[in-house]
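Quick heads-up: structures coming right below.
Below, chain A partners chain B and then partners chain C, in two separate complexes.
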Partner chain A sequence: MSAPNCLRCLVRPSAGIPSSTAPRTAAHAAARTAAPLAPLAPLAPLVPRSAPFSTTAANARPKKEAQGKDSSKGHVRAGKRLTLGKFKKDRVAEKGRPPAPGERKAYRKRITLSNDNAIAVPWLTDLSPTDLADPANIAKVLALPDEVQDQLRASEAFKPTQCWGMFRKPAVLVRKETVDVMSRMQASVAKRQTLRLALTGDKVSGKSMTLLQAMTHAFLNNWIVIHLPEAQELTTACTEYAPVPGTEPAQYMQPVYVLKLIQAIKRANEKVLAKTYTVSAHPELPQNIPANTPLLALANVAKEPDAAWPVFQALWSELTAQGANRPPILFSLDGLAHVMKVSDYRSPAFELIHAHDLALIRLFADALGGGVQFPAGGAVLAATSRSNAPRAPSMELALAQREAEQAARQKGDVSKDGSKAGVPQRDPFFRGYDDRVEAVLRSVQVLRLGGIDKLEARALMEYWAASGMLRATVDEKTVSEKWTLAGNGVLGEMERATLLTARV
Partner chain B sequence: MASVQLRLRGVSKSLNGRARQPLEQQFQSLRLTTPIVDGRRCLSTEADQTERPSSITAAPEVDLRQLAKRYKIAQNARPLPVSRSYFTRTPIFNDRYLALDHLAKTYSNLPVIPAADADRVSWKTLADLRQSFGEPVKATDYVKCLTIIKRLHTIHPELKPDAVTAALQDFKRDVQAFLNVANPIPIDKFGRALGVGKRKSSTARAFVVEGDGQVLVNGKTLADYFGRIHDRESAVWALHSTNRIDKYNVWARVEGGGTTGQAEALTLAIAKALLAHEPALKPALRRAGCVTRDPRRVERKKHGRVKARKGPTWVKR
Partner chain C sequence: MPPRLNIWSACRALSTRAFAQRPQPGPAVLARGMADSTTSRLPEQNSGKLPPSMLPQSETPAVTSKENETALNQLRMIEYGLSSHDPSVEGHKYGVPELPLPSQKHNKHRYDAVVSQVTRLLMKDGKLAKAQRDMAMILNYLRTSPPPKLDPSRPLLPGAPPASHLPLDPVLYLGLAIDSVAPLVKLRGFKGMAGGGKSLEVPVPLLARQRRRTAFQWILDSVNKKKSRGSGRTMFPHRVAEEIVAVVEGRSNVWDKRMQIHKLGTGSRANLANPQVKGLI
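And then the complex of A and B:
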């Protein structure tokens, strides 16, 4: 045990060794242990020292000054060295806690649906079930009801790139194309048929938004909505996959994704699923589901990824059971190009798996291609994306063909067995076409979204102005200016030109 | 001596042999037949011009002795220059100045038009004047002269005497920039006006027709072609600043340069085409900065430098 004071140098042991005297004191200590009776070393003159501790964190940090100086000095023969930023050395940037893993992404991907600082728009009314299909509502901005907001959020219909967070309440502009799609949906349900439609168009022209409006319409009319929010999540090999047993050629299920999907379906369609009952028993599931059980209970069976795919299959077979009392179904997908190509997954033989061999995508492709009959009708919608889209030449060609055929049909020149004037054909020198994709898209309808017209632009800008986001008088001049700057009324570009360009 | 006529005091006109000449004729001896002979004064003081053919010939020598034999009074004769400015440093300029002064006094009663309505003429600058007359004209004299010139120039063109026109001729620059009138841009049978604009190394051709504000640049919409909002605004700035954005459609082809250059070339092209439709917009467009071509180009690189001006890094050895 050491004495409270070092008898030789009168320094308390709790104090650190002063750097100037360090070598000597070290020698001291050695001498003290080895030969307690060595003669007294010459005492270093004791300089007044500051307290050995401090309550301030910055001061309590051991000073590295002396060491730094030494190291920069180097050997005496090295000469004088250039020291850059010698005044900056001491300053240690106070860094806060670094964000936890995933925190940055969560912040980037968060969806804010309301802004309390925005002005509430007094004349804004909530959507009613028939509003979106009513031509009288064209060029009107209508709000999403709270309940539908929750449902849409559950099915991930909102995207972080959309400007929801600027307004008090989420609201949508009803445009001509909206009414067109909704009335097609209504018509097909009335005939118990399935509308199969691909939405395409320029960048930020509102494809995903039209999808969202279709989902809103479906939710408001008590449809069942199954939405695949990002097709790329299914094909870029970022979620687990496993072969479905007993399939030849092998198909692959994606249990984790499907579990998430089932939960989303459950949350979004809770009311409707609770009122829909199974027609057959499902003894193969982990929990026995007898006939006449609410579908909600069936969906609840999926608690682990292992059981997710069988449960989804059971749910799908129940939803498409012919002759049963079923609500109409909307099955939608965003980012069509990702599912119309070879995926990034590999088979056990290390061959790339075609996206249509992934079981969930095959389900969607079947439905889009017309292979599934919904008992009460419904719609299969797919939206292409222009910003995040791999090249899918067959898809592009097929959509262009369908569009040309539609245009020809509308013009009225009905050519027997398709003498196909003006319909684009395959490039004979290009090898990247995909027959499976073209087979799926052989009979879909295509709707091209372009710019909105000036009436709609005006309604939208009036809403922006009423929300306090646009601080300019909305007159013909402003409307046409923004309309032109936005490339003839491309909706997202109008937002960019008006809302996202800060001019203070 | 050249350009000196002998005049005998008290000798009658007939003695002098000729009637009194008009001023112009008197000046003839002082005048260079070609007004500017590359800045060189080529008056010769030699009576015999045999070796060097010159446009200016000196008066024949007057033999006063012979004359005095016949007229006694002739022995008191002394030569007088025709021009009053003969003994000045700047006789050419002074002669013209005096002539202009005389004309200004003579025709001071003629009606004038506002200066803005007179034809625009670029007068010789002081440097030009010195160069062409080959004389060290003083700046103050030049200014005074120019005042008279401008006064004379505003005389009503229908009443302007030929003498004035001729006198002013010497003070006009050889190249009259104001005579270069741009060809008016026609509006074709489809109602299109084609304007051409350039900026940096971009060239734009814009067809402007009456319409509702659609813009196509190289077959794409404005939003497709220009990613930056700023560029889009520059491109349609001519229409925007005159509140015509929803009155016209634009179909344009742009080539060369980068996005900014292309956008600003479009500004100029659209402005010119718009002026063909509505010439009265010119002041508004000029205020918006859409009329003048920006002549700046990339500065050339110099030897010994990394770029046009950037110096190489300093190295100790």
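And then the complex of A and C:
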């Protein structure tokens, strides 16, 4: 093996010699010519060695600085000197301004949707309005159109833990459950009904992603989408709250959050809201809104947190006004367990407030429980979370019951006496159940997401490989390997095993 | 599944055909055959006709099912003198692994040499899994950051790929950064040998692993001095990755450390000729 360095001075031949080493070049040249006689002599001055005398005038001259020091002191102190703070680490002076409040969090939560290093996948096509409900697209990866990307970003559908930032363009895998949910949504809109569905499943099995696909489908088909991206923001007492006047028992509004929500709705649904008009006047708002005004103008009234809740109420009543010409509506929430328990807020009597007494959550719970009829139909979707979820025993029980009932209905074995044979029941020795939660979840549909099958896994891995993020041949063996490593195709685990590994 | 015949088994099959010797049944079999039936079972050797299996088949044999086809294929293989239950052909869904196993298949050598060494250097409090996750985040950062702008005065190892190729091969990127700033020597001090109680500094060459360790420790030193801009679990790996990018772009002060060590090493190599040191190195 040839050494990449010049063995004489350890400088790489390809190196442009920096200015600091320039004097050494002369020494180097001298060493070459004089090599047989005195190979090391020219390099000797570089060695910090003390010599009693020197023939060189410059070196023979005593050092000025040392002289000055000695003369100033007058004498040389013997023995130890006291040094204070000798165990302190030498801190480097911090340069620049410290990060502003919220900047660190913004850095943490920042969402990147493209990677310029990734190879553009030639066969990747954009989603069209019917694609997600088409069974022919199962096990295909399809890209999100640019406009929908902006809408999804405005409604905070992307999460920082998802791998969007690794690929050239955000794309989603169409799986069987996707097509199932989308066709249910389409069917309910065709009948002007509301689909009420809870998505559940193991950790990283794609619940939020299915929610995102549902939102994509809604945006592509000109629905109105209202999305609550993190339910915990509403119930962990981190946003302001105030009692809604004239409610008994008291309900609480969250003005700052609602203002943010209205702005998100406005940005995401701008086109549709501009073409939808109010049916009644709203004189109670800070700005008078007559009938036949675009809903966009109504949403624009919310400028201050004080007016946010009345504006949201007006918007909601307009959207659900019966008999009016309205687009279908998708109302979705991620992290269901957080809204199915007692919140961390306190009433003036210092009692904990139930999450369903918070006005915005009550609205959602009402819609999920079937209390709201959307004029053109629509869907209310809720996704559970497994990694960030408080204990909500009633929700768990209710979802398990609905699932068992669905399974029994599918099998067709409805017992004669109507008793629920395989349906889980309440534990009689446990007191933590919540009747309000069970009432809400009494009639929802439940969809459990599991692993993807190998065909879908293969499509996904081919996309990864085509993007240059998976450096392996995608054959049956590789697909099987990753699929098995991922607990029979749990989507997030497949990502962890393939993309987020040190074995690239 | 059709039998996978490789070239050697095909040759064997051909040679069998050339001699056209049907296996002669043993006398005991013959005797049994004669006892059972009146017709002769002796092979017709001089009839001049080829055995039926070697006649060109005008139509494919009637196969009733897939299992039947497999069985027929096995029979055909027996006829060719091959074992129908060859483990490399039958009974393994993905075939048998090639031996000797490649090093990446070994549990202990699953990761690239540089990656596994550096992962252990990242580790704190014995938390290897956390270090591995950090490593994965470092590699992901390298994959998603724009291609580095190389500095010609800080040349990377000769033979390095162009900068645009680096992000898509993050392991190479990392290895290249570390190997490029790795020092070639360290200075070893022999106490009291320089006279007057001073130690005699002698340059000693380093092995590849030692060089990488030194380089990465330098990188970690400058990472620990850096201020983080964000928060959360990606912060530490991102700072490390930023430093690696800085190394490749020639902005890092790790290069100065390397230069310093090399200067001292070049300067003190005269000490190698010191007679006291002779037997010690």
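Definition applied: the second predicted complex is superposed on the first by the 402 of 504 C-alpha atoms of A that agree within 3 Å, B and C clash if a C-alpha of one lies under 4 Å from a C-alpha of the other, contacts with A are read in each partner's own complex, and residues count from 1 in each chain.
In this text, contacts are C-beta pairs under 8 Å (C-beta built on N, C-alpha and C of every residue); 3 or more make two chains touch, one makes a residue touch a chain.
Just so it is clear, the structure is predicted and the values come from calculations on it, not from any experiment.
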Touch check for A:488: first (chain B), second (chain C), both, or neither?
first
Give one of first, second, both or neither to describe whether A:372 is in contact with chain B, with chain C, with both, or with none.
neither
Using the touch definition from the top, say if A:202 reaches chain B (first), chain C (second), both or neither.
first
Let me test your reading of the model: by the given contact rule, A:497 touches which partner, first (chain B), second (chain C), both or neither?
first
Applying the document's definition of touching, compare chain B and chain C: which contacts more of chain A?
C
So, A:138: does it touch chain B (first), chain C (second), both, or neither?
neither
Of the partners chain B and chain C, which touch A:115 in the superposed model: first, second, both, neither?
second
Touch test for A:477: chain B only (first), chain C only (second), both, or neither?
both
Have a look at where A:105 lands relative to chain B and chain C in the superposition and call it first, second, both or neither.
second
Considering only touches as defined above, state whether A:165 meets chain B (first), chain C (second), both or neither.
second
Interface residues of chain A shared by chain B and chain C, listed 476-477, 480, 501
So in the complex, the part of chain A that touches chain B is made up of which residues?
202, 451, 454, 476-477, 480-481, 483-488, 490, 493, 496-497, 501
Residues of chain A touching chain C in their complex?
4-5, 9-12, 14-16, 18, 20-21, 40, 43-44, 46-49, 92, 94, 99, 103-108, 112, 115-119, 165-166, 468-469, 471, 476-477, 480, 499-504
Going by the contact rule set out above, which residues of chain B touch chain A in the complex?
212-215, 221-224, 229, 232-233, 236, 239-240, 243, 245-246
Of chain C, residues touching chain A in the complex
94, 110-112, 115, 119, 132-133, 135-137, 139-140, 143-147, 152-155, 157-158, 167-171, 184-185, 194, 225, 227, 229-232, 234, 259, 262-263, 265-271, 273
